[in-house]
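The same subunit A turns up in both complexes below, where it pairs with subunit B and then with subunit C.
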Partner chain A sequence: MTDFDLDAAWQLHPQVSVRPERFGALLYHFGTRRLSFLKSPALLTVVQSLESEPSARSACARAGIGAPDLPAYTRALARLADSQMICGRTAA
Partner chain B sequence: MPDSTTDLLERPADEVADGDVADVQPDELVAADLLVEEISIDGMCGVY
Partner chain C sequence: MTSAGCLVEEFRYGLDAPICLTWELTYACNLSCVHCLSSSGRRDPRELTTAECRRVIDELERMQVFYVNIGGGEPTVRPDFWELLDYATAHHVGVKFSTNGVKITPEIARRLAGSDYIDVQISLDGATAEVNDAVRGGGSFETAMRAMRNLAAAGFAGFKISVVMTRQNVGQLDAFKSIADSLGAQLRITRLRPSGRGADVWDSLHPTAAQQRELYDWLVAHGDNVLTGDSFFHLSGYGQGLPGLNMCGAGRVVCLIDPVGDVYACPFAIHDAFLAGNVRSPGGFAAVWRESSLFAELRRPQSGGACASCGAFDGCQGGCMAAKFFTGLPLDGPDPECVRGFGQEALAVVDAAAAPRPVGDHSHRTERARRRSGPVPVSIGPRPEGSAVAGIAEARGRRTAPAHACDQNPLAGFTSAAGG
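And then the complex of A and B:
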């Protein structure tokens, strides 16, 4: 798994569709034909707010992720980045 | 997203992402595994 830059700007990949579920959400990537299960509603909040937040760190803060849980959420985001569910956001 | 993808919720994960685990605490790995699970639907053409 690659290192994840928590202070960079990220976004949901344009080819990814999000379906909220009771357990969190189901992500489907139309390009890679992969499914990812977000098994935490808070992680869904993080993913959904990536686009409007300046960094993944601030998206986590907005979702109420505290310092003790931040490493686990960082690794979860890294996994989503590896599978191209989220991607780096470049300035317009 | 096609509604038929919800059928896949009942399927077990067939792939787990590889990773460099040398510098990661086991409890962090477990927590990350609990937060995200991935599967590929390649080879499932015709199922839906």
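And then the complex of A and C:
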């Protein structure tokens, strides 16, 4: 797994659809045709706010992720980046 | 965050909408494969109209079903197939369709290659014409190969080659992989079920115990690059679990819509005992999915029955509901292909004559007579004609605790990584 840059700007991949569920959400990538899931509603909040936040770190803060939980969320985001569910956002 | 185990529990108790579903658009087919799970051949005159199909797609869009697995019969023989394909993708419902390749011309292949929302699955049940055509009919190997060459030439990367594993082709696994690799395709192998016409050929076609082990070892070695539709979870009893969720999604995260709009728990369970409703009824598909009493029952905690005390149960979960049902085994008992041999023991004492028969035979009337009028070559004794009614009655009476069934490909490509 590659290192994940918490201080970079990220976004949901444009080919990914998100379906909120009571446990979190289901994700489907129409390009890679792979299904994945978010295992907590908080992670869904993080992913949904990536686009409007300057960094993944601030998206986590906005979702109320405290320092003790940050490593787990960072790992989850890294996996999402590896599977192309989220991607780096270039400056507009 | 929730653990992966808890997530599987969530799925067992069902979701507000299926993750994906199988939709058989027509029972019409140009072929007469001996193991056809839906006994296809002739079109059913009651099949959903174009307008009704569009309404189903509208519902799937509202329910946020990411994609449908369209099959049949041969779906491309419906005159409105390409129109419905365009309608679905325009409404954000992806389509993966299964075909024998009969309509995949170079022109169609180019059109398909241009859409991210379309995936194609070519059925092939032998790596050689000899093995394939014995099951799928004369000329079908060449038809499939031509379609695949057209897709490859059009630049359609990663289309699927879908193989039902049989006693005759387990030994060709490497050859299938080579065909897929040479065409830039991905191999997908699934389990033979005793469903539809498959009930008639199950005993001669299902892999032997030694072949099951061979298949399992091959999957452990190659599983990362081969799709299975999660259909071999009964083999997890050998030890190491196979990639995938290893659970039965029937009525919980997947289901089947058949050509006349009937909704079944799974594509391999076309029988009144697993009929949840019809999309033509008030409330449409969503009401069937959310309110059917059958699906509610499937989503309740299930008993593993006699299997629950077996050391392999955590892996195999009792196996496939449909495989048990159509071989006459109790739904809370072992799978007929249980790797510990308990299925064989159970089959030896089951009343084969009481095994439920698949319903809805759409076979071509002109093909040679099917075997059901005579003794079926089974090791457990003949299954006489006329047993269907008694079978259904009995099956209904004991329709309890269908602990697990596997659908065609509900969770193919499912990754359990994201989310910690």
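Convention: the second predicted complex is superposed on the first by the 92 of 92 C-alpha atoms of A that agree within 3 Å, B and C clash if a C-alpha of one lies under 4 Å from a C-alpha of the other, contacts with A are read in each partner's own complex, and residues count from 1 in each chain.
Rule of thumb we're sticking to: a contact is a pair of C-beta atoms (placed from the backbone, for glycine too) under 8 Å apart; a residue touches a chain by one contact, two chains touch by 3 or more.
Keep in mind it's a predicted model, so treat the numbers as computed, not measured.
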Subunit B versus subunit C as contact partner of A:76, first or second or both or neither: both
Which superposed partner A:39 touches (first subunit B, second subunit C, both, neither): both
First, second, both or neither for A:22, with subunit B first and subunit C second: second
First (subunit B), second (subunit C), both or neither touched by A:31: second
Set intersection of subunit A contacts, subunit C complex versus subunit B complex: 17, 19, 21, 26, 28, 33-40, 43, 72-73, 75-76, 79-80, 82-83
Contact set on subunit C toward subunit A in their complex: 1-4, 6-7, 10, 15-17, 19-20, 64, 66-67, 92, 94, 96, 116-117, 119, 158, 411, 413-420
Complex interface listing, subunit A residues touching subunit B: 1, 17, 19, 21, 26, 28, 32-40, 43, 69, 71-73, 75-76, 78-80, 82-83
Of all residues in subunit A, those that touch subunit C in their complex: 15, 17, 19, 21-24, 26-28, 30-31, 33-40, 42-43, 72-73, 75-76, 79-80, 82-83, 85
Residues of subunit B defined as touching subunit A within the complex: 1, 5-6, 8-9, 17-20, 24-25, 28-29, 31-32, 34-42
